[in-house]
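Beneath this line is the structure, given in structure tokens, with notes to follow.
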Amino acid sequence: ADYNFALVPKAMNNPFFDLARDGCYKAQEELEGVTCNYIGPGEHTELEQIQIVQDLISQGVDGIAVSPSNAPAMGKALKAAVEAGIPVMTWDADLLEEDKGIRATFVGTKNYDIGVNLAKIAMARHPDGGKVCLQTGGAAAANHNERLKGIRDTLSGKDTGTPPGEPLSGENGWTEVAGCPLITDDDGNKAIQGMTDILAKEADLTAFISTGAFTQWFDNAYRQAAEPYKDKMESGELSIIVADTLPMQMAQLKDGLSNGQVGQRPFEMGYRAMFVLKDLAEGKSVEDPIYTGLDVCTPDNADSCLAQ
Amino acid sequence: MSLLQLEGVTKSFGAIHALQGIDLTISEGEAVGLMGDNGAGKSTLMRIIAGNFLPTAGKIRINGSEVHFNKPVDARNNGIEIVYQDLALCNNLTAAANVFLGREIRKKFGPISYLDHKAMFEKAAELFRELKSETRPRDLVKQMSGGQRQAVAIARTRLSDPKLVLMDEPTAAISVRQVAEVLNLIHRLKDSGHAVILVSHRMPDVFEVCDRVSVLRRGTKVADKQISETSPEEVTGLITGAIENA
Amino acid sequence: MSLLQLEGVTKSFGAIHALQGIDLTISEGEAVGLMGDNGAGKSTLMRIIAGNFLPTAGKIRINGSEVHFNKPVDARNNGIEIVYQDLALCNNLTAAANVFLGREIRKKFGPISYLDHKAMFEKAAELFRELKSETRPRDLVKQMSGGQRQAVAIARTRLSDPKLVLMDEPTAAISVRQVAEVLNLIHRLKDSGHAVILVSHRMPDVFEVCDRVSVLRRGTKVADKQISETSPEEVTGLITGAIENA
Amino acid sequence: MTDTTQKSHAEIDESITSRQEMSGLQAALKTQPFWVFIALIAIGVVMSFISDVFLTERNFFNITRNFAFFGIMALGMSAVICTAGIDLSVGSLMGLAGIVTGLVMQAGYGIGFGFIACMGAAAIVGLINGILIAYVRMAPFVVTLGMLAMARSIAMVISNNKMIYDFGPDQELFEWIGGESVFGVPNPVWVLMILTVVFWWVWRYSTWGRWVIAIGGNADAAKLAGIPVERVIVSVYVLCSCCAGLAAFLLVGWFGSVTNALGLTYELNVIAATVIGGANLMGGVVYAFGAPIGAALMELIRNSLLLAGIDALWQQFFVGLFLILAVLLEQIRNRGRS
Amino acid sequence: MTDTTQKSHAEIDESITSRQEMSGLQAALKTQPFWVFIALIAIGVVMSFISDVFLTERNFFNITRNFAFFGIMALGMSAVICTAGIDLSVGSLMGLAGIVTGLVMQAGYGIGFGFIACMGAAAIVGLINGILIAYVRMAPFVVTLGMLAMARSIAMVISNNKMIYDFGPDQELFEWIGGESVFGVPNPVWVLMILTVVFWWVWRYSTWGRWVIAIGGNADAAKLAGIPVERVIVSVYVLCSCCAGLAAFLLVGWFGSVTNALGLTYELNVIAATVIGGANLMGGVVYAFGAPIGAALMELIRNSLLLAGIDALWQQFFVGLFLILAVLLEQIRNRGRS
């Protein structure tokens, strides 16, 4: 039988999801009779994503893998898919705990763990703590909020409450500076401007941690912004640690303009999702959840940290 | 006691002094012609009386008691109706809608009141007929000729029973037939005890219907004479400045 | 051979027939008065001659050869200037800028040409002075009185040396002093061989300056007579329809 | 002779009075909503051949519900645009109103209070917009752009940037209102239909509606005619905000959750729907049926492209293209007339 | 007696001719850009007390560069808005122009071709916008909204949704132009300064500028005066697009990489900067200095809030608030005058 599987990202204008698409296409080549239908909202809008999923259900695709922007609403939308007998799974981001019965499985990473690993790099470099500024994505973006909580929990060594957690004020030696966390709305320009301003303002900042790749998207601009602090970063006075491991981010890490990267494996997610959907369509049972793992990179292991 | 009394009305727009210390009185049943060169300040004075501008200085009295018109409705509530020189119409509405703007005829259906389009069209048609104007109540003002628009503006003043009607060049764009009607209208208004101020550049019209003529020159009043005591030539001289004042 | 010749010019706006088969000729040095009730179609006819509307049917000939004006400049390039009834001014520009709109005076500085504001202000001032109008060239049109605006519109036609000048109620808003000047101007234009079409509701003006008078009624021409052969009374009758046609 | 003339005048006058340029249907033919509606039908017919899913009940259900929210907002927006204004804050306001509703209901106050709080928040925002625009005479664009930023920020602050998906005791009722249907028609669509009829009545038969149109045509003239221009303008912005608040209430009910990102960038979509529906940004033009028709067109295009299997990267292209084409249709049509 | 009268008339006429309501400085005092500039200075003074980082060279460098891109776009936008139009496609166009530049340079064609391709793409988009608006008479809002979707989609298609960060042989020069400085002033700021002066000259001394302003005041009258209204409107949209293209070129050079998301949602910021700088969406008003001043205000607010350590959730609130306050200042000022 020919299968038409949909892979729905949060937004199509985000390089992160492109990698998932590439993985999805690779699976399409490898799997007999499977078509990867990569479709999502052009920009990050909750309603449009739900509308797309509804349309996919109407269209009668053979399986849907979705990275929900708005988990509760997506849960409701996906119920219709289950009723229509379409296998459903989530990837990258998951449904609410109570809705987990709806989807067959989840392929991805725990966002919380990304935060934990970012924080661990910072703690290894600055055991005594210090001043920290966090940078995050869009407003109320659940994945970024979980990463923030991961960072805060780890730095403070205690539970800081529901995501994004409470700001740190001296716990375990770590203090968040005023004006942070910086909100970027996933805009690289805003991210750079925010980082530049904060680094200029807080001369004695210890760590700048970003939960998304937007900080480093714009290679030249980021390099210019980080360059003046290169010595400080080398001497261990300051750390800049960013999530994700896109190619230019790795180059920046190797050039000493970053002190650590923690990456997910979106390619793997897209790739695995097709296999899972095929199994589901054929009535097989699948593991739940499926973690694709994280790549934790520091200047020391920059050449070897990425999973192939 | 006069119906309207202006005392030292002055109006400046920044550096431009449009009016300087204008005194003017008008009684019931009287028609005053207000003449003057372009830019003399006639329209500005009309607008002040109609509550459209606040005077920079000076007083306005109606029936002897001072009034302050902060907005046009205040003047209307004091029985003053005006035909603006630039007509002040809404291009996107029909002639009838413009006539009744702000004073729409409504019908009641239980607790709900709604616009009575039919009544408004009919009444507007009646008013236009009275003015002998070829204006179709259902036409959009946008599509109407200059004179048709003026007819709409004049018709508006006929809705209520005002004490004082200000007409700022009401006959500028209308044709002979309707000019006669407007002059007729002014006569009728006078006869029924209304007061009229007519701004016009048409000497014969002013001399036909007005009892008195006031002349403005560069924002000051240079003459205020009974029609019977003056002549078109004198008034022309006063307007152009050939005669200093009278 | 006449300067301008209209043959069966017809114009409809949807269901409204504004003009029906108008024939009209005018020769050099002639002034024709165009009269008619409000909405008779006078302005529509002017706009067609000025290239603002395309006629629904009919022909326009200039010096005997047929022309098609697709846009206003076409008419201007054929030596036709017009004063629009609604003046067609840009409120946000100064009086001088409006006079020279589309025909700005420029100075050259090497390869760069730029607006010569000074020259334009001076020339505009001269034109206003010629019209005896109290209009300040540097004022924004927005802030000007009705008559001052009209002076600006009239001044525009003085920039070039046109063959035919169309004036759509040029004296509606202006004062006695300037009316005389405009009539003077028409006389001067005639004397220097220009043709003029004057739309006006002011009978005396038309009889003073025009050689011929045409009357429109509801879109059709009902009369075309030499001034010497008619009288104000007859024309009035023709306008109102009391006299069928002549 | 004078007598006969007088009589013929009277006759002519009579004929002028009752003359009407065209019948109601003819007038409708000249309006933009009508031609957009034709475009809507055309797309529908084409789609019914291309995709056998298109005409299914479920697809119709989805399409109508999806555009209902935008249609409701567009109704309010068309009033604002009719006064030559603009309201860029509706998207942010949805976020704020949604969060307020969520917080109130989460605290256990029930749906009644939730609704009142939602509409109250919306009304306050509209009131501030309106006062700044009408009384302080600020440009609507600046005021509502500032409000766009402020309302979103307040939504962030009061929600503490968290998602709300627990709506207290009335959760089920709330989700029913937003998400379920009556007689097979989704509830938001019922709301849209009722509101459209109400607006139609308002524009045609109410004094307020007449005044709004007059203000859009010539605010100075309206003022001179004694219309309380400032008050009317304030009311228009409050109305627009309330429509956005209502849409937020329904949308949150359907979603079953709310974040402060609700309604992000919707302002342009709403304005687009309004303009496609025939509103003129220069003011003075309004059609009650324009708003739902405009919103429907935008949703139909999106839905059709997906069902037709257009490559995702190209989809936005066709959305833009059809948007232009739909309005072009009416333009060409009117061309032929003048 | 006639003689003396004539003489006095001549005198009076003379005085009228040369009468000017106010001097140039007085006129400047009445404009919005001036008062926004005062607001700018005020914020600067306050900030220099609050934050010792504010007055540093590096901060100034950053601020000026950040607003330069918006300033350049706002200059073009102010021309469009002066004709009572609007261009919503500038943000998407940046994405398209940036991607085109990136692809051309990545293919090794060098910076000359890259620049030509960038501006060419921009000009084509502007041309399409302009033709649809001027000749087909479509609403600018609809056309440019459609273009917003289409340009972004094409950027996605031709980039295949991938990031470009390899700009071929001229990469260094390219990054120098966008990212470096001359005499301590960032290059984009130089571009903005030069363009501002050029625009100032254009609005004051060129026929084209005069015509654009006339069209904004009364397009019908302009048409009747023989101005080639359609052609001028097309040129205005091309100009606006070219400004956006230029900004994209510089921005990509600074970023050192480009995705098709470049410029997402910038349209509202650019329009806001233009409006804050005194442009009136009803058309007919334009100030060359308004665009950079408006852009500077927006950036200064953003920077100041961060340096002042305002909570991130509240920041947008203050952005909106100051935006309104800045324009309010001028409003109150003009109130007192009339």
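Note that the chains take the letters A, B, C, D and E in the order they are written out, and that residue 1 is the start of every chain.
In the analysis below, contacts are C-beta pairs under 8 Å (C-beta built on N, C-alpha and C of every residue); 3 or more make two chains touch, one makes a residue touch a chain.
Just so you know, these numbers come straight off a predicted model, no measurement behind them.
Each step here moves to a touching chain, and the least such steps from chain A to chain C number 2. The fewest steps needed to get from chain B to chain D, moving only between touching chains, is 1. Using the contact threshold fixed earlier, the set of chains in contact with both chain C and chain D is B, E.
Inter-chain contacts peak for the pair D-E, counting C-beta pairs in contact.
Among the other chains, A has the CA centre that is most remote from the centre of chain C.
We define each chain's centre as the mean of its Cα atoms; on that basis chain A and chain D are separated by 36 Å. The distance from the centre of chain A to the centre of chain B, each centre being the mean of the chain's C-alpha atoms, comes to 72 Å.
Inter-chain centre distance (chain D to chain E, centres taken as mean C-alpha positions): 30 Å. Chain geometry summary: the mean Cα position of chain C and that of chain E are 41 Å apart. Shown for chain B are the residues in touch with two or more other chains, namely 13, 16, 134-135, 240. Counting partners per residue, chain A has 12, 42-43 as the residues that reach two or more other chains.
Across the assembly, chain E contributes residues 9, 21, 152-153, 156, 161, 265, 311, 313, 315 that each touch 2 or more other chains. Taken together, the chain E residues at the contact with chain A in this complex read 51, 53, 56, 58-59, 62, 66, 152-153, 156, 161-163, 165, 175, 178-179, 251, 253-257, 259-261, 264-265, 302-303, 305-313, 315. Note for the complex: chain D touches chain E at residues 84, 86, 88, 132, 136-139, 141-143, 145-154, 156-157, 160-161, 265, 268, 271-272, 275-276, 280-282, 311, 313-321, 323-324, 327-328, 331.
In the complex of the two chains, the chain E residues touching chain C come out as 9-10, 12-13, 16-21, 201, 204-207, 210-211, 213-214, 216-218, 220-228, 284-285.
The part of chain A that touches chain D in the complex is made up of residues 12, 38-40, 42-48, 50-52, 54-60, 70-73, 75-76, 80, 96, 138-142, 145, 162-164.
Against chain D, the residues of chain B that register as touching in their complex are 50, 52, 71-73, 76, 84, 88-93, 97, 101-104, 106, 113-115, 121-122, 125, 128-129, 132, 134-139, 156.
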